[in-house]
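The structure under discussion appears below in the form of structure tokens.
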């Protein structure tokens, strides 16, 4: 199995509802350093899993929906908290849609899975891994 | 599958028995930068896999058993060398016990697995991955 | 010259006023990974520049003033934007006050300078360096 | 499952054939920071998965075949582009041969799998994972 | 003193003339992860040292002159080896020209110095620091 | 001014005398990831500040004196605690002697300064900077 992983980042504001979050219930924010990994069993005739230029563009476009926004005002994850876990899944699901829609090129449609990791600091991160 | 990973560290002394270890048979030590990853298929109603505050506390408490100690004098891993591999498993097994015992909260009891990585330097690390 | 550097982090929300900031004029946020460096020419009788336990506590306490807050509502940097540069200076100045006040112990009062770096992502950071 | 991972690096020149590569069709080069991970279910009597000294030597020897070379002139990956994906597989396959041949010691022959990651920059990497 | 640092990267081929370089006399290549630091004593009315958007563009444009090129065929550093040290100075000197020419905006013309670090691997880097 | 920096590491045991050290008064250990930086104003005719091969060897040889040792039993820093600060100075002083003695080649004798950083974990490090 091959995996190609691209790093980008996004800066957002949000608050989290629920006593478990303590002071993070207040409006605050985060830089998420995002590792978007694309996995598949075969390379194409050029020797690549996916066109890394297209993949970089698609990751940036997906993150643009979050970029410099207060997620409390965005209708992204209806009714749910925008935790690191929830956002990792949201990014992975958007990338999966884009891959299925052909935006990653023909290689993108042969992918087996996607794993998205959001690093919220140097000491905490969350990932979501899904099949395609 | 979701994974939430927390980073902490611990500094220990130990020696390793066996010719394969060469000069590491002498009493020396290590800083282990520890990545403790908790994996599970579902988020709770708050949108989290596990209470990251509790998880941080539990990781720190587990590592406290090792912290600033000479492992040659501790009865941790009966008869075995305290290699990076053995310590990764020891940490993962302690975290598994704590999760099963409810110390990570209800989310902790729904976890599917744990992966612990000990970075012993910028060029070497060992991991142990287990189901819960 | 010796330097001892401690890493911590803080997550905040804010907006930035001025066309130069483009989309960062919107309310968004950041994780700042903070490197607080204490510099001085001499070690004390214990062989340390500063008590790292106290220094760690003081850095955390200074950052607590920012932690999980919307800086637009805080009276921190009167009339100024809370840019990464301004926040680096704000943190360095608070640490300088604490060092002068004895909160870092006697070693802290013999320090020559402080340098604070705020990493706002994996590709951008700002520092402020000052004498004591 | 245990994994032991060793980091090394190699610097090469090459060009890539195919419009998808854009300006990377020109002769250029890369530093690949290489993470070679060895996985297996059991530790030996010394408490190790694999002799890390031997593993370090074998990784260095495998990378020596690439080191400071123009891969366009090397007969490594017949007819294929030497993309990061292809090179990750090439390294993993060579390590698998060396493990099977006993060069990693008895522990090497009990390994279950190998994963090789080539970091081509701070924002892009490719991995190849295979069974043994 | 404030410093704002931006990270980018570039991939090149080259060879180095001189016995001191050993096998690096062969045509090979490198990924340089580039940290471009801009230093100055004062912030402008917006609270910034330099427009980070412009600075990011200028760093990318300067590196474009190197990007995906065989430096042996480029007339960059007449008669000199394109060592990491020489390239760090070349990048710093180009950034200094751009700052002097106003391409970083008015803040760029008030800068005091530039420091450029080229990381050639996870274990080696070279920097060049100059006044403006 | 140019700086060339090489990374290596060393694993040691030690204890620290003095109440300020709390539990670190017990015998424990550390991995120090060592950045050895050599600074100077001029490059030689080859375009290098210092022969990086020789510098790498000298750094390794200096660290060999510490490697896999219990520093409590070594006569390194007479009467002093082997704190991170003290060890950073010890390494820098040994490198300075080696540079003065010609072990870094002619370039080494034209160096202006040395800075040694010891990273004791992902959250703490100490540096010592000296002239040559």
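Labels for the chains are A, B, C, D, E and F, by order of writing; each one numbers its residues from 1.
One rule holds in what follows: a contact is a pair of C-beta atoms (placed from the backbone, for glycine too) under 8 Å apart; a residue touches a chain by one contact, two chains touch by 3 or more.
Quantities reported herein were computed from a predicted structural model and do not represent experimental measurements.
The minimal number of chain-to-chain contact steps leading from subunit A to subunit D is 1. When you average the Cα atoms of each chain and compare centres, the chain farthest from subunit D turns out to be C.
At the interface between subunit E and subunit F, two copies of one sequence, fewer than half of the residue numbers in use appear on both sides, so the contact is built from largely different positions. With every chain reduced to the mean of its CA atoms, the largest distance from subunit A is reached by F.
Note on chain placement: the centre of subunit A and the centre of subunit C lie 30 Å apart, centres being C-alpha means. Computed centre separation for the pair subunit B/subunit C is 31 angstrom, with centres defined by C-alpha atoms. Of all residues in subunit C, those touching 2 or more other chains are 7, 122-123, listed in ascending order. Listing the residues of subunit D that touch subunit E in their complex gives 7, 9, 11-14, 23-24, 26-33, 67-70, 120-123.
On the side of subunit D, the complex with subunit B involves touching residues 1-8, 43, 46-49, 51-53, 105. The touching residues of subunit B, when paired with subunit D in their complex, are 16-18, 20-22, 77, 80-86, 88-89, 122-130.
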